[in-house]
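This report concerns only the one structure given below.
Labels A, B, C, D, E, F, G, H, I, J, K and L are assigned to the chains in the order they are written; within every chain, residues are numbered from 1.
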Amino acid sequence: MTAVRSTLPDEARRVSCEALQDTLVDLLGLSLIGKQAHWNIVGPRFRSIHLQLDEVVSAARNFADTVAERSAALGVPPDGRPETIAKAFTLPAPKEGWVRDSDAVQVMVESLQDAIGRLRERIDATEKADLVTQDLLISITAELEKQRWMFDAENFPRES
Amino acid sequence: MTAVRSTLPDEARRVSCEALQDTLVDLLGLSLIGKQAHWNIVGPRFRSIHLQLDEVVSAARNFADTVAERSAALGVPPDGRPETIAKAFTLPAPKEGWVRDSDAVQVMVESLQDAIGRLRERIDATEKADLVTQDLLISITAELEKQRWMFDAENFPRES
Amino acid sequence: MTAVRSTLPDEARRVSCEALQDTLVDLLGLSLIGKQAHWNIVGPRFRSIHLQLDEVVSAARNFADTVAERSAALGVPPDGRPETIAKAFTLPAPKEGWVRDSDAVQVMVESLQDAIGRLRERIDATEKADLVTQDLLISITAELEKQRWMFDAENFPRES
Amino acid sequence: MTAVRSTLPDEARRVSCEALQDTLVDLLGLSLIGKQAHWNIVGPRFRSIHLQLDEVVSAARNFADTVAERSAALGVPPDGRPETIAKAFTLPAPKEGWVRDSDAVQVMVESLQDAIGRLRERIDATEKADLVTQDLLISITAELEKQRWMFDAENFPRES
Amino acid sequence: MTAVRSTLPDEARRVSCEALQDTLVDLLGLSLIGKQAHWNIVGPRFRSIHLQLDEVVSAARNFADTVAERSAALGVPPDGRPETIAKAFTLPAPKEGWVRDSDAVQVMVESLQDAIGRLRERIDATEKADLVTQDLLISITAELEKQRWMFDAENFPRES
Amino acid sequence: MTAVRSTLPDEARRVSCEALQDTLVDLLGLSLIGKQAHWNIVGPRFRSIHLQLDEVVSAARNFADTVAERSAALGVPPDGRPETIAKAFTLPAPKEGWVRDSDAVQVMVESLQDAIGRLRERIDATEKADLVTQDLLISITAELEKQRWMFDAENFPRES
Amino acid sequence: MTAVRSTLPDEARRVSCEALQDTLVDLLGLSLIGKQAHWNIVGPRFRSIHLQLDEVVSAARNFADTVAERSAALGVPPDGRPETIAKAFTLPAPKEGWVRDSDAVQVMVESLQDAIGRLRERIDATEKADLVTQDLLISITAELEKQRWMFDAENFPRES
Amino acid sequence: MTAVRSTLPDEARRVSCEALQDTLVDLLGLSLIGKQAHWNIVGPRFRSIHLQLDEVVSAARNFADTVAERSAALGVPPDGRPETIAKAFTLPAPKEGWVRDSDAVQVMVESLQDAIGRLRERIDATEKADLVTQDLLISITAELEKQRWMFDAENFPRES
Amino acid sequence: MTAVRSTLPDEARRVSCEALQDTLVDLLGLSLIGKQAHWNIVGPRFRSIHLQLDEVVSAARNFADTVAERSAALGVPPDGRPETIAKAFTLPAPKEGWVRDSDAVQVMVESLQDAIGRLRERIDATEKADLVTQDLLISITAELEKQRWMFDAENFPRES
Amino acid sequence: MTAVRSTLPDEARRVSCEALQDTLVDLLGLSLIGKQAHWNIVGPRFRSIHLQLDEVVSAARNFADTVAERSAALGVPPDGRPETIAKAFTLPAPKEGWVRDSDAVQVMVESLQDAIGRLRERIDATEKADLVTQDLLISITAELEKQRWMFDAENFPRES
Amino acid sequence: MTAVRSTLPDEARRVSCEALQDTLVDLLGLSLIGKQAHWNIVGPRFRSIHLQLDEVVSAARNFADTVAERSAALGVPPDGRPETIAKAFTLPAPKEGWVRDSDAVQVMVESLQDAIGRLRERIDATEKADLVTQDLLISITAELEKQRWMFDAENFPRES
Amino acid sequence: MTAVRSTLPDEARRVSCEALQDTLVDLLGLSLIGKQAHWNIVGPRFRSIHLQLDEVVSAARNFADTVAERSAALGVPPDGRPETIAKAFTLPAPKEGWVRDSDAVQVMVESLQDAIGRLRERIDATEKADLVTQDLLISITAELEKQRWMFDAENFPRES
């Protein structure tokens, strides 16, 4: 017996919840590396970027919660355990130790850029499967693209 | 050149920041497994425990922030990256998939119990090294012991 | 002379406002039976479900308002009078008198399940007619699916 | 076995809960027709009356909750299901479709006037049975009389 | 010379302030035993009842304050000292030590039931003496009857 | 043609609205003399009484509004114009010029005492005419008696 | 001995406090007649003007407080007693009884117009005496001119 | 080198940002003419429409900000300078000078109607290019259609 | 089987929970006698001390809750029942009846002084047993010493 | 017939309203170019200046509203339409396209500097005409001078 | 090169900033001696004056910030360093050690009185130089005169 | 006779209050020099550091209040008068005049560093004398170390 029944047919549920699980990992990962940079950043823009990073973390945490609960609502248990994130998270991230402010900005641009690319693929993938899930992924993309722009604008002129 | 200078002598800093780094891992891990249980819990006490778990998560996140920033303040960069947590986190945690409410309660009691035991050792370890760090660890212990009691009371009568 | 002119062609308006009117009845009905269960529930989970039901009622009321005003905005007067709801509302509902907590959970799962099935049909029906209306129906579905999951999780293990 | 025991003797409970059930129907009905007028009103006073109607709806909803919970508290399950309201609600109400602003004002004056007349009878009826219930009915009457006055003042000079 | 003069004739003041003093003891007692249960409750409904008990405590404390100040306003000093409560408080109360959740619910039903019975006698007693005091007692009864219902509904099916 | 129709029979309306009009004058008068004392008080208790007087003014203003609107709701236009207050207000009041703190306390005790005496007569007078109006007068009396006690307690030991 | 000493020379104090006393009477009078119209207004614009009048009353009350306290601060006790207002208040005011909405608007335009004219004279009169007092009168004029405009705009097209 | 890189292919970016730039001009224009009407409106519905216009302005300003930042996020600098708006804004607008209330309502209906028509074309145009941008345009349309309905309902019966 | 397991060894738990139980009684007693004085105080400083006493009550109630829950968290059920307080509470307290303001101040100084002396002994006693409990007792002492100072300063010049 | 009558003589009104109209254009223009820079800024100080620009926009919008309503209050309809701003706005402004952070700071210093110079001339011009208008212009100058200082301080060391 | 350029001609800037610097010292000094009295006051009016002193401190701190930032805005760096205050602050102040409540009131009256006298001279001095600065000094004077009055009223009857 | 009696033995009081007095001077000094830098800072990081400095000031002011009141609570009057601070404050501070942003950061790192070193000595000194005082000094150290870290991180790479 399944604990929570789905409101979607099997294939649609499989596609949607795969997209949601992958998004969950990206968002939890972003929330962890955002905090990592928030704590370890050094340099003349410390305060400004330190605060901006917390906005990414806050957005990532809230969306992670919505994404995981949507998966549960569709009948598939989400997986956000430490080992799952460690294995599945592949976005660029800050190295161990102090991070220079310009490096923190650079790594956030890249990490958000990759996360957005992956979200856009999932938006396509879920169009047939579930418009409700697709709509959620669209909202997340809107927010991450806004965050990416702000770090990219901060990153001007780019070093390379 | 070190990015952030310490206000403690070397040995005191080493002892304190080791205690802080270990605590950081426990708290970030708790915040992740608390959310995992929050999303996957099923059973007649769903709503009650679902909400209680979010209070653990919220406390763990806030303390993790304070702990990491204290380590930075003492001149040692904290490490909260996904792979670090996955490697270093050893507290009991819910399995993958749906979690029955009584199992969620049970695993939280155990996980908090172990976290508290480890914190009490660090309270002893930091007494000489840094009373400010010790005071922070005492506050965390007070909160986690309160959370543990509430799950333990919820857990009555215990199955074994 | 029509009191409020439409921004949609006739056929698109007809399709959209039919979907909106049917949704309005479902939501007003849900708000009434949610309150009915909120008042009459008895059993060891009284407090927990009593509070959860009020969240369904609150969501249903707010969405009913938005849905009715969207119909008016499209030039078709919405109908939420008592006799209309009584005639058109067909979702499962609690019986008269005290309701055992497990029965309240069960009936909410079924009622939300049916409401969601009907909403998903309307999401399809309005895709061509009006993307703005469709987007509203998608948001309502997201919320009701979340509510349904929480009652279904509470309902574990199901009696039959 | 009764689910909830009463704190009143049988006859007093019967009288009080009959008054409460009738009041519940009037208030739920008022909340529905208030919203109906709120959505369908047209005319130069649209905004002003549109907002005023929501205050009636809000008052009616809050009092309905208190009235239903008081009935439960006295050991009689309240009945606010759609079919019950449709059958028992007899106050004047707006017709289907757009409602001219002056007609909305007129129908609210009449509907509130009738509701007040019925409440005053129940205030008399409950004096012996239960002063606590009577006190609640007095508060509702005070609020509805205030609302009625404001629509009546808005209605000046009356057309007939 | 009396410190605070009364606005009531002597006999009316005596009757009213006796009713107020007895109510004060009941309310202060309820606030203490409500907290006692709040702290010592164990069992699967721990969190739900733990929170509900705090609502009783909060209501009891606020009403106790109003009741005591009304007595002072009528020229009779209220008495809420520990020894007075211990001597005069006679409502059912939890025993020393941990309290099983179902027992906590049961004792609150009984304690509130008795408090209500006593309040209803005082409502009768003060009708002639002081309608202002009677009105206050009516409000307290309304609240305690609501609280009693919620514990009684939680208590279903009753064990005996 | 009357602008606002009454929900009461003629005699009941006459009695109720007379009581309300007299109460309106007392309350508006109290709000004016309360401010007069608030501005002109001098002496070592300046700040304490200055603040307490504003609480009387605030209560008097809010009740005046409710009282006047209730009269309108019953179909009789209230009269709160300057000349009406000046003519009809007969409660003790501070003299022109600076007021010593002890005198301010004394005059408030007397003024509130008289206002309460008059309110208690109107509570009796309206019992037959309109329980809703009576209930309002009871609430006002409760508040003014509380205010009177606090000034009287402040006034201890009384000079004569 | 004067209770409160002045920070101004005698003549400057006399001029300033005369201006303040006259302004106090105008503002207290405006607050009373604003409320009078707020309660007694009838007609299709009832709700709109009813609310607008309360904004005048609120502004008038706040400025009255500031004006009276400024007079006290300059060493002259302000006089806002009922008989003083009745005697000294000369601005146009609504008649006794119900007031048609258009009449209420008209009388507020006139009353504010006259108040403004008098304030502008006092602004001139205090320029030499006390710039601090003048600055306060300028703020009051700004607010009353804004209120007057809104009633005047509401009054378009004027009847004569 | 481009200051901010895009997350969209060139053609999709061109289509999306053209739609966004045109929407930006319409919204900034609406916010300016909404304020123009807000300040210059005269007539018996002054207050009601004065307030409603500010809601249009507030919605237009917030959406303009989101629209401009989305364009930046897609790598194209938005243009909201005075001369750009003046040149590109073509929606109906109030004339210079005082505006009669009925004219203000009429011009807002027309201006919003045109804005909606243009938005619906852009919703079609962006479907292929960027679902995230399309979703934003859908939200704006929903809000403007709601605003248009309220002015249209206010406008009943229409003069021609 | 114990309902709630301890995180402390037996002896440490015994010492800590004895200190907590004794502190609980002192705090609950202080909250009751603080209210007793709050209600019965008379004299020219009535308002000032009346308000200050409520701050003591509020602090005592909050700390009592924390203290009792800490005892539960350590596995020992706290006891705050009326008879327990009456028996165990030994701090100086106001007599029955009206209390002169200077006497209220005097008794609070003495009662807080004694409570502080007892707390300082428990701070010593718990140092070995449990630093978390000790830290809580230190916070309570800080707050009570602040309260004591304010009454002592108010008490100047002392009568004896 | 004029829609809104003035409280000023003709010449004073002409001078005051000319000053107000010119100020309105400057403030609306500032709010538009402030937003333009807010959206298009790039460079390492992006976040800091992005936020600071929104404070200028917010101040400019609020003052524009007050200035326009003051003109209306003086009987002259303000003009804030797009074409009016485009024609009359002459302050320095950012060019089309991305704006480097240092350029944004520089242009804001210059634009605010010019706006302040023009305001100071209007302060002189209105001294005779209307002290109320002058006082408003003084407040605006105070705020803009504060904003200018902050950009100028940010601009150190200046490039030329 | 000057860090921040002025918007005033040299002489006007010199006069204005001298007035601002002197005011800054007075306000920072007042904030320090207000706190000194707040901490050291003893006597029966302890609580009342203790709270009132904090209002002076809060006002002084806020005005000091505005005054210093205005000086910076005019191109002159303000000086609020400890040694500057110590050297330049000449207002009456409490002695070291405990301060009797009547002495605290007396010293605040004197200190505020002197501060006001000095401010009035600066109001004159800046009239020609800068009306914006003068307007700020007028606001400060208004607030300090209000504070002075309240202490002076509290001081009645004065000892000499 | 001492105004406020101590709860500590003489020697413990002497040690504790000396530590508190020295800390008071450091904190008041920090609050003054923090503001000095807040006002006079110039350079590209103006806004970021300007805001950060206000957080130091706010923390310093709040702790100063707690520290001074603790000294009073222990029976020793604290001394925070201008001349005392000027004489006793020895931490590094900004020079007179404009301060370049990098210099402001540098001086805050040094000043906080020295303040922390002094606090750590006082933490040792008070361990025997008074654990309550020690606990307060520990909290202050935690906060100042956090502030120091943030300026030090901002200061990277350090110039020397």
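What we mean here is this: a contact is a pair of C-beta atoms (placed from the backbone, for glycine too) under 8 Å apart; a residue touches a chain by one contact, two chains touch by 3 or more.
Since the structure is predicted, the reported quantities are computational estimates derived from the model, not experimental observations.
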item	value
Between subunit B and subunit H, the fewest steps along chains that touch one another	2
For subunit C placed onto subunit G, the superposition rotation in degrees, Cα atoms, nearest 5	120
Repeat of interface F-G, chosen from G-J, D-E or K-L - more than half of residue-number contact pairs shared	K-L
Distance from subunit G to subunit D - Cα centre to Cα centre, in angstrom	41
Mean-CA-position distance for subunit H and subunit E (Å)	59
Per-residue overlap in subunit L, given as positions that touch at least 2 other chains	3-4, 42, 45, 48, 69, 72, 98, 135, 153, 156-157
Listing of all chain pairs that touch each other, if any do	A-B, A-C, A-H, A-J, A-L, B-C, B-E, B-I, B-L, C-D, C-E, C-H, D-E, D-F, D-G, D-H, E-F, E-I, F-G, F-I, F-K, G-H, G-J, G-K, H-J, I-K, I-L, J-K, J-L, K-L
Interfacial residue positions of subunit H with respect to subunit C in the complex	113, 116-117, 120, 123, 134-135, 138-139, 141-142, 145-146, 148-149, 152-153, 156-158
For the subunit K and subunit I complex, residues of the former touching the latter	41-48, 50, 98, 100
Footprint of subunit F on subunit E - complex, ascending	1, 3-5, 7, 69-70, 72-74, 131-132, 135-136
Sites on subunit D touched by subunit G in the complex	45, 48-49, 51-52, 102, 150, 153-154, 156-157
Sites on subunit H touched by subunit J in the complex	3-4, 28-29, 32-33, 35-36, 39-40, 42, 64-65, 68-69, 71-72, 77-87, 89, 93-94, 96-98
